[in-house]
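Below, subunit A partners subunit B and then partners subunit C, in two separate complexes.
Then we have the complex of A and B:
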């Protein structure tokens, strides 16, 4: 199947080139059939790349180690689920996944808009196929996913242990879907600029794809954070790592766009701003991909140094220069139809929200690229850490959460003092209440923590009030019961109320972030069995050591008993898994288990009020003489003998463990981060869900007579 | 066997890509396209009218602002209806 996979990749490049040429010729010559050829080239690109994906996945499933990629990222003992997802744990496979997703989402977008945007679509098709062709070229020239390994090894290297977590396997496709979906509005924006079709029609057509991209990117970021919290041994969910930051940047500009888009639709304002946000989001999505692949910045998520940096930089340069040039050339046609009527209006709230989001984006970008900037300026690479990021991002995030309450409640155009009183009295009271409760519960927390509690309460109360008033108005006009009125209100105004639900989710998420980062208690201790430590109000006792061998790793750990006021709360079993290095000759048949990769299994008790998080670092140095002795005595131990010997070590650790290092964290409201994320995802799905055809027909039927009257009046 | 599969993928791709050159459905698509774009704009405008009405009913717009905005939106909707009638009479001609 090697030939089929390789031929499909070459064909993919040919298809992309044919599509670009056809689209541009069709657009310039006004030949609709050639435009259709271009569009269908995208469908074909998706088809041939699917063939390549299937060839590779089949090779992973049957552990065909004649494929270099399979041999280096899988083994016969890798569980089937991880075999299926091991493809994108490599540079080559993840590039293929990227372009495959791009072709799939782009096919969907081009099919959905094939009867609209006739002038814009061919240029958008050419841009999307250009991006597809670029990524296919990279796989063909610099990171070919299908390479022959001859002779094929009997066993593969296996999947990196850190990636053996369900959310880490779903995280890349979600993130890449977000990135690739961000390029769709980008391509249509370029098409709109080229063809001067700069009204709101193209925005309406691609809005769903922008929202879907935002949703996928957000879900991908959340999955990554969840993986970090529950799988990595450092005890956090966000480390301001360059690759994490890079994924946040297009999400922030995408969020800004989804808000300012409404101002353009409603008022014909902010056209330059909107199109710049769309273009920036697309470029930042490519930049995020570049950061993971180039190894230009150090990150645990990056693939390490590679030769992909220069082509990516060239692509980014072309995209930035052409985007900026087009916006400049078309600036007269992008002039706003209206001006801001009042600072006390929804338009102004959205504008401030956009400034906060873009401000956050700028701060994070500066901090992320600071090592490069400092190296260029001073010759010395310096980096900024979490305290630097927190200093600037926390105030902006507080402002953003407050604005997420102001936006839904304030009126369009201008709000009168009466409107303002009516809209904000209850949310302000809720914010004040949250401030006092936070003060009472948390002792003497930082002002920023209390401000975030207040902002979250303000936003939730403002949105709750909107739901209540909307349902009551519907109840009054239709006579339906309040729950039915609420359900129909949401179902008939999905975009609006779905957006409000997202605001609630984001407020809850930030509440969790503020509480968990400011009020958590972290202890690093060294304990012997029987000893205990107090973390916040919990007593955590090291009951006994654990040790076991499974088919892939040796696990050494601890059994911990958590209690509060004498009552049992949880039993936790953190451990450290030691995976063998493939090089038995250098390290010895047993020693290789302590020289390969090691991962932490976190002992975690989650709860609505707090999470109790523990990890252990067994002291394996004391076993070194014993391991050396075994290796000297049994240098040729086969797998069966290795199992027996490792069981001896595990038993010895259980019976006579040396003191072990522990990290113990009691962190309040962490679960609210995941709950808030889920609420936000649910809100985005509500906003995305298409209106049923029957409902649409009903709306049209109801509206027609009224419009008819209007026609009569006109 | 593998060569046959390669040829099949090649033939299928060529068929998918080149079919608009052999069939005459494209021009019809283009005709429908103009009407579809106007229909989408009309649906969006109707949603906007309903949205504004909801804002008024829950007290987010004053009576004066609502009347002005509603009048403007309805005029725009009427304009779209006229364009739609013209496009249908044209058989979808015109550009967008």
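Then we have the complex of A and C:
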């Protein structure tokens, strides 16, 4: 299996090289058969890398510790579900996942466009295979995922407990799908620039892949935030960490592109801007991957110092220089057909939306790379914290949410005063109402919090009004009932109304972010059983300590009773799991449980109005003498004896616990972040779903030749 | 006003806004930044209220006193270490030998950390060696 896995990686590189050469030769010589070889090379790359993935996943599933990767990131006690995901918890495995997803998505894109964009596609194929070849080379030379461990250990290190969360199963594949999908429009943009085919046709062909990439990246970011809130013991969902920021940058430019694309399609405007956004999104996606792997910036998520930084930097340099050069060379052919007629128009709203998004991207990029900037400018590395990011991102986010209400409602070209009144009277009233309600409910909130409440209400009202007016008009013209009229309205204009649903989702998401960050109450306390604390209007009582042993870890925690005005609200059981260090010789058979990995299990009560979040940090220092004594007396305790002794410790903790440290948070509207995210995902899926007539045409296109052949044979 | 004049005004306004944003970014980022440093570099700094982002590895033998965590941070590759007093959430992966980043200010003979500023590098990213058989 080892040989098969290694051979498949070498073959993958060979396939990529053959594909690049044949695509370029086919394009230059006008030989369609060579172009087809290039395209099929991408399918072959996907097939060969699938073999590598299967070999590795099979090794993880059967705990084959002769694979170094399996021994380092899995164990016999790792649950099967997480054995499957352990592959991408390592540098080597995640690189392989990246290039496998790239080859899969690129194969799909090339298959979907094989009958269109005949001039552009070979160059796009070469670019995509070039990226694939680059990543395969990295895995072969610098981070080989298939390395032999001889002799094989009897047990592996296991998967980091923090990653044992369902979100972590799909968070990396979603993020990487977003990154790799972002390279598809990038490759086609380079192809369009090389071949001078700069009309909107190629944009229309790859729009779905851009939207799918945006959706996957957004869902990946959301899953990461959700994991952080419900699994990590710090009580937040976003920390402005460089790696988190890096995933947000291509999402922001991708959002800008999806909006400005409409202006190019409708009015032939912003062509330089659009192609620059596509190129920037692709490059930022590679940069995001680079940041995690290079160790160039201090991040909790970054892989440690590695040798991958220089190759990545070289790749980024080539991509940036060639992209900028091509745009400059083709700037005359990218001139807009029309100019902006008025600042009161949908085009202007989209333009401002783009400026806000690119402004956000620039601010976040500046803050993220500030350690490098300051080192170049002053010779000293320095970094900025969350307050600095908030200072700029909050006003820009408020403007963005307001604009997401203006865009759908304002007229194209030039809005008249009547149009403006008709479009915005109701949303403005809703915004005013939200401001007053926010003021009354939230006590003394910040102006920015109230502004975000108003912006969200404005956007939801504007979009709701569009749905209502559209459905009512359809009801009047067809006589269908209002729900049917609404359904057919959406069904016939999926891209438009799917986009509006996304706007509602984003408005709800930002509403949740604003309320939860500005109005939350956080308390750090030390309590003994029987003591209680008040957080906002809730009383949280430490009822008793908990302690139990399962086959993987020792869990120590607390049972908390939450009440409000004397009424029971919830019972929460935060705990901390102690996983044993594999090194029993150094730490002792029992001591190793307190020297291995530990992970918090958050006690969480979610609700539409607020989340009650608790974590516990048991004081295990008081057990140190007892643990040392046991380890001295029973240095060779086997698994059964260890279980008995650990149960004694758990029992002792339950009966006589020392004061424990707690973090307790009551945070309003956190759930709205996840709900808003789900609404946005639903909207994007509506926009992505093919129209019935297009799906029918596709089915006919596939089945007609088969039918013809069958009839011919008959 | 003719369309060309309007476009010029828009361009000037847009460029002016971009320049203003850029100046604000530069000014505030340099003003608000914490210097990233190592134990060896801060060992002799005075208690002048400046904050530093200290990076290094946790020395074995840290302790808790009430809600306060006392630990030492040493050079990644070296022996120089400085004491840190910290209050706030202790990340789950915090252990002796782990790489941490913490924002600190000099106070007396040691350093006092900013609340909740302690971060420990995600252990999934460590390429730990598998245990011997």
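Going forward, the second predicted complex is superposed on the first by the 693 of 714 C-alpha atoms of A that agree within 3 Å, B and C clash if a C-alpha of one lies under 4 Å from a C-alpha of the other, contacts with A are read in each partner's own complex, and residues count from 1 in each chain.
By our rule, a contact is a pair of C-beta atoms (placed from the backbone, for glycine too) under 8 Å apart; a residue touches a chain by one contact, two chains touch by 3 or more.
Model, not experiment: these values are computed from the prediction.
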Looking at the superposed three-chain arrangement on subunit A, would you call subunit B and subunit C a clash or a fit?
fit
Answer with first, second, both or neither: which of subunit B and subunit C does A:157 touch in the superposed model?
second
Using the touch definition from the top, say if A:676 reaches subunit B (first), subunit C (second), both or neither.
neither
In the superposed arrangement, which partner chain does A:250 touch: subunit B (first), subunit C (second), both, or neither?
neither
On the A-aligned overlay, A:36 touches which partner chain: subunit B = first, subunit C = second, or both, or neither?
first
With both complexes overlaid on chain A, does A:383 touch subunit B (first), subunit C (second), both or neither?
second
Taking the CA centre of subunit A as vertex, the centres of subunit B and subunit C subtend an angle, in steps of 10 degrees, of 140
Who does A:65 touch here: subunit B (first), subunit C (second), both, or neither?
second
In whole Å, how close do subunit B and subunit C get at the C-alpha level once superposed?
20
Which subunit A residues come up in both lists, the one for subunit B and the one for subunit C?
none
Mind listing the subunit B positions that touch subunit A in their complex?
2-3, 5-6, 9-10, 12-13, 16-21, 26-27, 29-30, 32-34, 36-37, 40-41, 43-44, 46-51, 54-55, 57-62, 65, 69, 74-75, 77-78, 81, 95-96
Could you please specify the touching residues of subunit A with respect to subunit C in the complex?
65, 68, 71-72, 89-91, 149, 151-157, 160-163, 232-235, 239, 241, 298-304, 339, 343, 355, 359, 362-363, 366-367, 370-371, 373-374, 377-378, 380-385, 387-388, 391-392, 524, 526, 576, 582-583, 595, 597-600, 615, 617, 619, 621, 661, 663
Please give the residue numbers of subunit C that touch subunit A in the complex, ascending.
3, 7, 10, 14, 21, 25, 28-30, 32-37, 53, 55, 63-64, 66-67, 87-93, 95, 99, 101, 103, 116, 119-133
Of all residues in subunit A, which touch subunit B in the complex?
1, 3-4, 7-8, 11, 15, 18-19, 22, 32-37, 40-41, 43-44, 47-48, 51, 114-119, 197, 200-201, 204-205, 265-266, 409-414, 416, 419, 422-423, 466, 469-470, 473, 477, 492-493, 496, 696, 699-700, 703, 707, 710-711, 714
